[in-house]
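Sharing a structure with you now.
Letters A, B, C and D mark the chains in the order given here, with residues in each chain numbered from 1 onward.
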Amino acid sequence: MEKIRALAKTVSNWGRWGADDERGTVNFITPAVVRRAAACVRRGDVFSLGLSFGADGPQIGQGGRVNPLHLMSAVGGGYGPDPEGFRYNDDVVVMPLQCATQWDSLAHVYYAGQLYNGFPATTTTAAGAGRNAIDKLAAGIVSRGVLLDIARALGVDRLPGGHAITPAQLEAAERAQGVHVDSGDVLLVRTGHITVFTRDQDREGFMRRMPGLGMAAVPWLHAREVAAVATDTSAVEVIPFEDPSAPLPVHLLCIRDMGLTLGEMFDLEALAADCARDGVWEFLFSAPPLKVAGGVGSPLNPLAVK
Amino acid sequence: MEKIRALAKTVSNWGRWGADDERGTVNFITPAVVRRAAACVRRGDVFSLGLSFGADGPQIGQGGRVNPLHLMSAVGGGYGPDPEGFRYNDDVVVMPLQCATQWDSLAHVYYAGQLYNGFPATTTTAAGAGRNAIDKLAAGIVSRGVLLDIARALGVDRLPGGHAITPAQLEAAERAQGVHVDSGDVLLVRTGHITVFTRDQDREGFMRRMPGLGMAAVPWLHAREVAAVATDTSAVEVIPFEDPSAPLPVHLLCIRDMGLTLGEMFDLEALAADCARDGVWEFLFSAPPLKVAGGVGSPLNPLAVK
Amino acid sequence: MEKIRALAKTVSNWGRWGADDERGTVNFITPAVVRRAAACVRRGDVFSLGLSFGADGPQIGQGGRVNPLHLMSAVGGGYGPDPEGFRYNDDVVVMPLQCATQWDSLAHVYYAGQLYNGFPATTTTAAGAGRNAIDKLAAGIVSRGVLLDIARALGVDRLPGGHAITPAQLEAAERAQGVHVDSGDVLLVRTGHITVFTRDQDREGFMRRMPGLGMAAVPWLHAREVAAVATDTSAVEVIPFEDPSAPLPVHLLCIRDMGLTLGEMFDLEALAADCARDGVWEFLFSAPPLKVAGGVGSPLNPLAVK
Amino acid sequence: MEKIRALAKTVSNWGRWGADDERGTVNFITPAVVRRAAACVRRGDVFSLGLSFGADGPQIGQGGRVNPLHLMSAVGGGYGPDPEGFRYNDDVVVMPLQCATQWDSLAHVYYAGQLYNGFPATTTTAAGAGRNAIDKLAAGIVSRGVLLDIARALGVDRLPGGHAITPAQLEAAERAQGVHVDSGDVLLVRTGHITVFTRDQDREGFMRRMPGLGMAAVPWLHAREVAAVATDTSAVEVIPFEDPSAPLPVHLLCIRDMGLTLGEMFDLEALAADCARDGVWEFLFSAPPLKVAGGVGSPLNPLAVK
C-alpha cells in the first residue's frame, strides 16, 4: 500500500471541486466539452457498447456476483371485458449492479476508511451509499469519447491476460490513430479481451486473468484530465496485479483518490472495427447511469455516435 | 374494440420495414435525423429526465408492480492482506422493468393474439419475449427530442386527471413554442402531472387518474412519423379511458399496430422550465435501453442535451 | 434503557449453555420434552398456523419490508422430443425473511454492541449473520405447544391495540384453560389481532398498533423456561410501547438477553376455536426454520398436531 | 410416452378423492396415520434433513435454477432515540423454490395438457399455479416416515449414477431393516448420492447423473399407498433415464397421474447412520411446506423425530 499512498498524493483530486463534491472527474465535462462532443457526430451512426443482461452473462459467482435473473410477472395478462382485447406482458429483473457493462460509482472502493473526497466509509451501510452514490452522476455521462485500440497498436488480435498497459502504449496508440485525449474526454481502451467471453464463451478465462491499465497509467489519466475511463474487461486494470500484495491499485487510485469513474465490460469490437475503417477515433459518447438511490454502480448500455 | 380495430387499419406499420422488423418507428431515426439531433446541442447543458429507482418510487402495487428493492451484497468487503488496504461495496437490485422511468418494448401489449408486425403473442413465454424484446432497440434511442408543453400552452400548472390531449392541442403547443415535430423525432409531452408524485407525494393520485394522449392523437403521431413518444405520467394516455369498454387504446394502437415505443414517467419539469426561459424546445435526446435479454421494458435515465 | 438493563440482569441466559451457544432457550427442548410433546397427539388432527406468502401479505413497507414477489421462471417448459411429453413449471420467490409468519433468529436485535451470549454485533455484516443465525436452530423447533388465549380469557373477540399482556393475565388464562406452561414448551399467545388483517384486510391497523406482551411478562417467560414464544401479531410485544423512549423492550430482553426466539404473525384462530371446543390447549408443535445460511429469520408454516 | 401412458392407467388416482381434490396421496395421511406417526417418538431425538439455503448450494444453473441470494436489508439499523438502544438486522432471500431441499407441488410437471386430477395445464400462468399449488398441502406433511437405505442394503457407500432402484431392492431393504411401508407413510429412500455434493463438493457430478427410482417402482409406490416419497438426489428418479426418449417418467407418473408429491435433496446421512445404530427405521416425519400462494414447490427443512 505504500506505493499506492505515495502515488495517491500526486493524483488526488480531493477538494478540487469543493468539500461536498460527489462527482469527481465528471466535473471535467464542461458545456464546452459537451459541444465538442456533439460536433463529433458526422455520419449519424450509432454503436451500442453494452453486453446483454441475462442468464448468459459473464459472471462466474466471484464475490457473490451472479448473472441477472429475468422473470416474467405477467404473460398475456388481461384487462377489461373483451377476451380479444387488451393483453400485456410485464417482467422483473434481479441483478447485481456490477454484473455486466457498468459504471462503478465513487462509493464502490476505498481504503483507510475514506471514500473519494474524504467522506467516511461508514456513510455506506446496508441502506446504500450515503455519499458518492451513482445517482450523483445522473446528468451524465455524455461527452466526447476517444477510443484507443491498444491491441491494434501492438499488432495483435487481443492482449494477453497479465499485460499491463503503459502510458507509452497509450501515447503510441494516440499517434498511430491521430487522436489526442483531452480534458473531459471519456477514454475507451480496447484490449480485445472481451472476445474471450463473447466469441470463445470462456467465462473463467474472461474473469480470472486479463490485460488492463497498469499503475503507471494512473498519473497519465490524471494529467490528461479524463472524465471517465472504460475498457472491455471486467476490471479495467491488469490481473494478476503488478504487486500481488496490493490488489486493485488502479481501482483505489482512480475511484478513491482521483474521483474517476471506471466503466467495465464495454464491448468495443464493432466500434473499433468501424474506427479502423474510417480512421476517426472520436465520437459522441452517451452512457447515463440509472439513478439507483444509494447505488454503488449502474448497469449500462453505452452509446457511441459517429 | 371495433373503433380500435378501425383506427388500427389506418395507422398500421406492419410490414413497413420488412416482415422481420422488431424495431418499429425507431426505424424513422435515420443517420440524417441523428445528425440533425446533434446539431441541436448549442449550449452543452445536460438534463436528466429520470426518476430515482428505490423504495421511494411511485409504485402502489398495481398489477404486481412494486418499487425497486436495493440491497447491498457487500459493505466494506475486504480483499488482500492489508487491513488498511482494498475495501469494496457491491449491491443488487430487484425491480420490475416498468417500475419508474422506462421504455415499453414492442412486446409489452397486444390484442387478438398478435404483437407488432404480426408476430404471435405466444412468442412471449415465462422465458421472456422471443420477439420485439427491448434489446432490439439497443443502438438507440438517440434522436432529436422535441418537448411540447401542453399544460403551459393551456395556461395551467398541470393538466387534470382525465384530460385527453387532442391533435389540436399538440399543434397549438407547436405554434406557441415555434417548433415542429418531424419524422424521426422523439416527442416528449409535458402534462405537469408528475408533480402529483414528486412534489405532492400523492402516489395514488399519480397512478390512478392522469391526463394523457387521447385516441385522436394516434393518427397524428402516425402522420408525423415520430420515433417514440414519452410523457410525465405512468400511462402516456388519458385515464379514465375515453371509452371504458376499451382500456388502454393508445397503448394498443401505438405499440401493437404502429410499432411505436412509449416512454413513461419522464420528469420533464426542469427541462420545460429551461425551454420556457430560452424559447428553444428541441434538443439532442439520448435514452438507450438496457439490453435485457427477452425484456419487455427497460428502466431508463433519459438525457436531453441543449 | 435503564429499566431494560436492570431487567436484563435478572433474565440473562448468557453463558447458561456454554460460551459458544447460539441456540438459547431452544436448549430447554430436551428429549424428554419432545417425548412429552409427541404424547400430546391424541386425535391426529393437524393445524397450519402460517399465513400465505404472496403479494397479498400483511406488509406495508415499514423498514423496507415488502410482501413476497412470486414469479414463474418456467410455465409449460418443455424437455425431450415429444410435444405431448414432459412439461414443467418452476418458480422463484423474492421475500424478506421477516415478511409474514416467521421466527426471529438470535441475531435479529441487540443493544450495546452485543448479541445474545455476548457475541459482538459486528459478527453480522452484509454477508449475513456470523453468529446466532437461524440455521443454528435447524433441528427444531419441535416441542410441546401450549396455547394461551388471552382474548378469550378476558371475554373479548380480540384485544385492542396497545393492550399490554401481564403475567396475571397469562396465569388467569392458564387457570381458565386448565393448562400449565412448563420448561421447554413453545408458548403461543392468542390476542385475536390477526383478524384485523385476515378478516378486516386492514394492513395499517394490523401493523401500526397491536396488543402484545408487556415488559412484565419477560421475567415470567424466564421463570417458566419457555423455549420460544409466538403470537398472532407482527411484534409479539405491545405497540405503542409502554415507555416511548425505550422501543421494543421485549424484543431486546427476549432475543438478546434470554436467547429466546420470537415467532410472529402466527394465525391461531382455527386452533384456538378447536381448543375451546375440546378443552385441550396442548399439542405437538413443529415449526422447523429454513436453514438460510447466515439468516436472521425464517419464513414458516408452523404446525400444531392434536 | 406410450409406456408411460399405459402405466398411467394402472396407477392413476384421478377422481379418487373427488373431482376438486388438489392434495393427492397426502390424503392417505389420516388421523390414524398421524397417531401412528406420533407413537414412533421413543427417544425424543430430532434430525434435520435439510440442506442449507445460500450461495454454496447445489445448483449449477440448469433450467435457470440458481442458488439462493441472501442479502441483508438492514445491518445494525437503529430505532428510537438512544444510540446504545435498539438495533436490528433484517434480510431478504431470492431463491428458486426448487433450489435445494424441497417438495414439488402437484402443479410442477404434467403431460398432454393436464395436471393431476385432470385440471388443465393452463391453470398455471405467470401469476402462479391456479390449481394444485403447494399451499394446498399446508396442513401437512406430517406422518410416519420410513427410511429405506438402498445403498446399505446393497452393501455400498453410495449407489452409482444411473442405478435404477427396483421394487425388489425396496423390499429387500424392508426385510433387511425389519420395517414395512404402509398406507400414508412418507417414504425416504437413501442412495448416498448427496455426499457427491456435501462431501466431495462435486456439483456437476451431483446434478447431472444420479441413482434413483426406476419406472418399475411406480406401481409399487401406488400399491403401498405412500403419501409422499423423498430421496437424497435432485430428481428422485434415475438419470440417465431408462428410456432416453421419455424423460422423467417417474415425475410424470407420480405427480401427474398419482398425485404423489416428490421430495428432493433430503440429506439422509445422519438419520441413516442413527437408524443403522439402533435398528429403528421409522420415525415421526414433519415437513410443512411454506404456503407460497400459487407456488409450484417449497423449500424445506424436513425433520425426523425418533
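Heads up, the rule we're going with is that a contact is a pair of C-beta atoms (placed from the backbone, for glycine too) under 8 Å apart; a residue touches a chain by one contact, two chains touch by 3 or more.
Treat the numbers as computed from the prediction; the structure is a model and nothing was measured.
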- Contacting chain A as well as chain D are chains B, C
- Same or different for chain B and chain C, where same means more than half of the interface numbers show up on both copies? same
- Whole-Å distance, C-alpha centre of chain C to that of chain D, is 26
- Quick one: report the Å distance separating chain B from chain C, using the average Cα coordinate of each chain. 45
- Quick one: report the Å distance separating chain A from chain C, using the average Cα coordinate of each chain. 46
- Item | Two or more partner chains touched - positions in chain A | 55, 64, 69, 71-77, 92, 94, 125-127
- Message: Based on which chains touch which, is the overall arrangement a line, ring, star, complete graph, or other?
- Response: complete
- Note on the structure: Listed in rising order, the residues of chain B that touch chain A in the complex are 1, 30-35, 37-39, 41-48, 50-56, 63-65, 68, 70-77, 79-82, 84-98, 107-113, 121, 124-129, 135, 138-140, 142, 245-248, 251-252, 284, 286-297, 299-303, 305
- For chain B, which residues are in contact with chain D within the complex? 64, 69, 71-73, 75, 92, 94, 126-127
